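Multiple structures follow.
Presented sequentially are two complexes of chain A, the first with chain B as partner and the second with chain C.
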Partner chain A sequence: MLDKILNSRFWSWLFKGYGFVFLTFLYLPLGLIFVYSFNANSINMAVWTDFTFDWYLTIFGGANSQSEFDAAFTESPERIFEVVRNSAVVALCASTISTVIGTATAIALQRYNFAGKKFYQALLILPMIVPDIVLGIALLIFFVGAGFELSLLTIIIGHTTFLASYVFIVVSARLAGMDTTLEQASADLGAGPLTTFRRVTLPQIMPGVVGGFLLAFIISLDDVVITYFIAGVGSQTLPIFILAMMRRGLRPQINALAVLLLAFSFVVAAIGLYLRSRKT
Partner chain B sequence: MSFLKITSAHKAYRTPEGAMVHALNDVSLDIRNNEFLTLLGPSGCGKTTLLKCISGFEDIDSGEISLEGKDLKGVPAHRRPFNTVFQNYALFPHLNIADNVGYGLDVAKVAKKKRNIRVEEALELVGLSGFGSREPNQLSGGQQQRVALARSLILRPRVLLLDEPLSALDRKMRENMQIELKLLQDSVGITFVFVTHDQEEALAMSDRIAVISDGKVQQVASPTEVYDEPANEFVANFVGTSNIFTGRIFEKQGNIVTIETANQRKVQAESDRFGIGDHVQLILRPEHLKFTPGGNGIPDNCIEGVVETCIFVGSDLHLHVDVGKGRKAVVHHRHDRGNADEKIEAGSQVTLYYSPRAAHLIKAMAN
Partner chain C sequence: MAGSGAILARKRRTLILLLAPLTLMLSVFFLIPLSIMVIYSFLEPGLYGGVEWNWYPYNYGRILGWPLNDFETFEVIYLKIFLNSAQIAVMTVIVTFLLSYPAAFWVSRMTGARKNMALFLITLPFFANMLVRIYAWLLLLRPTGFFNTILQSTGLIAEPLNLLFTNFSVIIGMVYILTPFMFLPIYASVEKLDYSLVRASQDLGANPIQTFRRVILPLTAPGIIGGSVIVFIPALGNFIVPAFLGGSKVQMTGNLIERSFLQSRDWPFGAALALLIMAFVVILVMFQISRQNRAAERGIA
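Let's turn to the complex of A and B:
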């Protein structure tokens, strides 16, 4: 009965229409940013005047056709390069450290039994549930109290505290699906614990480790809330920098920057998906 | 000097519910060099635990496992000269067949050239030459089994431990592998310790069988001895099917004893070991119960009965015969296609007899 109604032409079109509207709502803003990033109108970006690559060129330092008005609201390529480098350093360091910690923890909790195991597991999931703003304030209080000077280092430490949880969860899922007799077989064939880890366990969980690393990398790259609290004066990251730019008005250069950030995220996500599909 | 010796090994587990399970309860076993020994028992009897304790994946609580007089206590699995063939093969999915087989040599850092020659030899030994570049998941179950064998044998272990390696194969494949394994063991001259719950497999392949139940070794003997002269009621029932009559010997003429059971049945057996007054159990295999030939020469120890069920299994008819006084006898009768007169079905009246020499006597457990 229900089948018949749902298969009728009217309902079929209605659902297709709904799906279309839904996806448009989701992706239209992203599309608009992409389109506006090529709009030459520097006063009102919503009104199309002419096609231009200028906004991209200002990021890379190749444009000099700007009016003085534009120049006042456009960041210099040197400044942009500095914050991008900051972001890259933070994301790379934080995701690498949290991958090592998260993977080691996942193995410890999966393979060994000890008192308080459940408690540790809960502790590891907690940073994902704690609101970012609480975590940010807590970290700030801790760093100030402990006498840390706010810098890239404090951002790296702060990010690692919650990114390790993400890596832990991704790697745990992979470990749970792994046949433990493979490790026994390796030991049986004469391999010590370290050799077994290097030659059997690590290759088996590699997709999980790489997936966890990329996830951590992306999350670190666009984190605003926590970073906002623990970033020092000379250690702005890209998202914080964009936020600061926005305060002075929604300038077209931001669109171009956002599109580049989006494209980069897509590339990272694509690498992750590729690695996951290759060997499961 | 004894080869692989297990002396009063104990091992207890605590189940998640908190109960203690004695997986090994005073197990002693003397495994000889170059023999094919099978650990046979029902699931949960402790045979796999014993294998894991030998391989070093688990430790015994007390007792001793020694190889040529050297105690193996504290020697981790990767330092023991034993290799295991796992039930699920445990081939490394991220390595191809050659790298799987060569794993042990790579870990031991054997030179590349020598390693490749030995991998090729090992693959040839199990009939898989030219499969080196394939992936494990491209192989059938039987082929994976051979790869697992090659991977273990390439290290020339003193003992090869096999944990129910044939249980995942279909029947035909299993029978082929039984023969191949036996031939392989003869040719490589390595001690095989084979774990199985399949009594036919054990009887077909072993030099000796250790029947294990409830964490205890019930009997260690050659397959014929285990079958013809089971040490106790458990072995008699687990290895093959048995008709068991319990009673007291009340007459002995020469070496023929007559036993009277609790419900006044009289059965005969041949025995030197037991005398008048002994409480014994008479064990009789179903194939030794025969139909009496018609006409003259009817033996004097016949049993009358009525066929209750008749199951055709190909070569034999498996019959349950009601022999009165609340007892059933199991009879395996060779299916005789040429004999048109013979018609056995449920309800048939039959007369059974057996030769007293075919019966085996064991001491009855006091109860």
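Let's turn to the complex of A and C:
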């Protein structure tokens, strides 16, 4: 009876309608930023006046048509370039290091049996469930106490501590679904462990490794809370920079910056999701 | 014999090599910092930031009422803020659940490319920057924002409504950020739902409400509980959402921690507050793991 009810036209329309509402809830707020980013009205963004590219141009150093009031809230292209570069350096380094560490750990836990395996599994989950703010202040206390100067290096270290776990999970899933007979055949034919890894294992788990890398890259690029505590004065990343802009007041330039960041994250995420969904 | 010994030794060496980087990194930059934070929470705050290395459990007294000395006083406001954070986190869990549960059924009834597309569309906002998503709600809710402008131009209201800086706006922000965390585990268990059990329950004469309560809900409970735990944890400690959508009106424990570290520079007090959150998280995770283990045992038996 229930599946008959659920399959009836009324319920299937209800489900479709709800799905539409759900997706609207997810996308309307982001779509709004997109629309506002082209609105020339700098007094009230919610009222449309004219179409403009100015807010984007200010990011890249064009457009001087804005009022003095806007200019006071507009960051220079040099400053934006600097924080974007910081973000890129941090995300690239942190995700590369955590991909190497996470993949090595995944192979160890999937292919070997040893005492303390349970301990490692628990240890790997821990960085993902400790609240960001707790990890952020623990790292801050540690870095200051150990005499590290807060810099891009401390941010890279901080991100790597929790990103390795994400890579581990993605790569493990790939390894678990992999046929081990090929590895055995390669060993039987006289290949050493390194050759077997390079020629047999790695090509097969590559989509997982790349997927893990992209996931780590996005999370690092978007991280606010942990970076907030361990970023030094001269080592702002893009999200921390946007946070500072938001504290000073909502100006149209933030819209344009937000749209560019969103577009970039979505493209990287889409590639990652595609790679993960692809079968061998 | 000697050959197999050499192979074993080599396997051991490989294993140690594979595990060394993670072991080193997590002990130095994760376990040691967390331990130092625990120690700090029992130290005396220095006059100008930093700490004095004296045994000082009174940081906890300020929050919990015990133990206290002549200098520290118990202030009930900290407990109130903590309870308010817990309340906001619980409300976030409830609302994300109510939003995600029907959506999971909606997606699970699709097939093929449509289903993949729907899953893709629901997962994608998860990768949008958290700040940008909060910023979007600032644009929607503020006095000159989207909602107020529309309501005023249609003449429904004369003065802008006070939508920002309330528990309501903080909960909306949290829900918006955390919905994917609730949706994905629920979807996983809805997808596995065995419809033959649903039919059996109807054949045995249960009405739809009974079938839902006694069959569908218990079978999808693992996803609901899993989703609730991973939504509750980040909601409890979040300080960015209340900082922007709660203003000075809505305080959460995360804001207290942030201020004691970056403004009042009372690190031991901030560490004590952070440990309080950690204790909550540990209890929740232990509960979840023991529940999963029990479920696994029942599955085998």
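Rule of thumb we're sticking to: the second predicted complex is superposed on the first by the 263 of 280 C-alpha atoms of A that agree within 3 Å, B and C clash if a C-alpha of one lies under 4 Å from a C-alpha of the other, contacts with A are read in each partner's own complex, and residues count from 1 in each chain.
Just so we're on the same page, a residue touches a chain if its C-beta (ideal position, glycine included) is under 8 Å from a C-beta of that chain, and two chains touch if they have at least 3 such contacts.
Note that this is a predicted model, so its numbers are computed, not measured.
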**Message:** Is A:Val200 touching anything from chain B or chain C once the two structures are fitted on A? First, second, both or neither.
**Reply:** first
**Message:** For the three-chain arrangement built by superposition, which of chain B and chain C touches the greater number of chain A residues?
**Reply:** C
**Message:** Looking at A:Leu189 after the superposition, I want to know if it touches chain B, chain C, both of them or none. Which is it: first, second, both, neither?
**Reply:** first
**Request:** Have a look at where A:Thr160 lands relative to chain B and chain C in the superposition and call it first, second, both or neither.
**Result:** second
**Asked** Is A:Asp222 touching the first partner chain B, the second partner chain C, both, or neither of them?
**Response** second
**Fill in**
So the chain A residues that chain B and chain C both touch are none
**Item:** chain A - residues contacting chain B, complex
**Value:** 179, 181-182, 184-192, 195-196, 199-200, 203-204, 279
**Message:** Under the definition above, what is the set of chain B residues touching chain A in their complex?
**Reply:** 55, 57, 76-79, 82-84, 86, 88, 90-94, 103-104, 106-108, 151-152, 155
**Request:** Provide the residue numbers of chain C that touch chain A in the complex, in ascending order.
**Result:** 10-11, 14-15, 17-19, 21-22, 25-26, 29-30, 32-34, 36-37, 40, 99, 102-103, 105-107, 109, 116, 118, 120-133, 135-140, 142, 144-146, 148-149, 176, 179, 195, 198-199, 202, 207-208, 211-212, 230, 233-234, 236-240, 244, 254, 257-258, 261-262, 267, 270-271, 274, 277-278, 281, 285
**Fill in**
The residues of chain A that touch chain C in their complex are 1-3, 5-6, 12, 15-16, 18-19, 22-23, 25-27, 29-30, 32-33, 36, 44-47, 100-102, 104-105, 107-108, 112, 114, 120, 123-124, 126-127, 129-135, 137-142, 145, 157-158, 160-161, 164, 193, 218, 221-222, 224-225, 229, 239, 242-243, 246, 250, 254, 258, 261-262, 265-266, 268-270, 273, 277
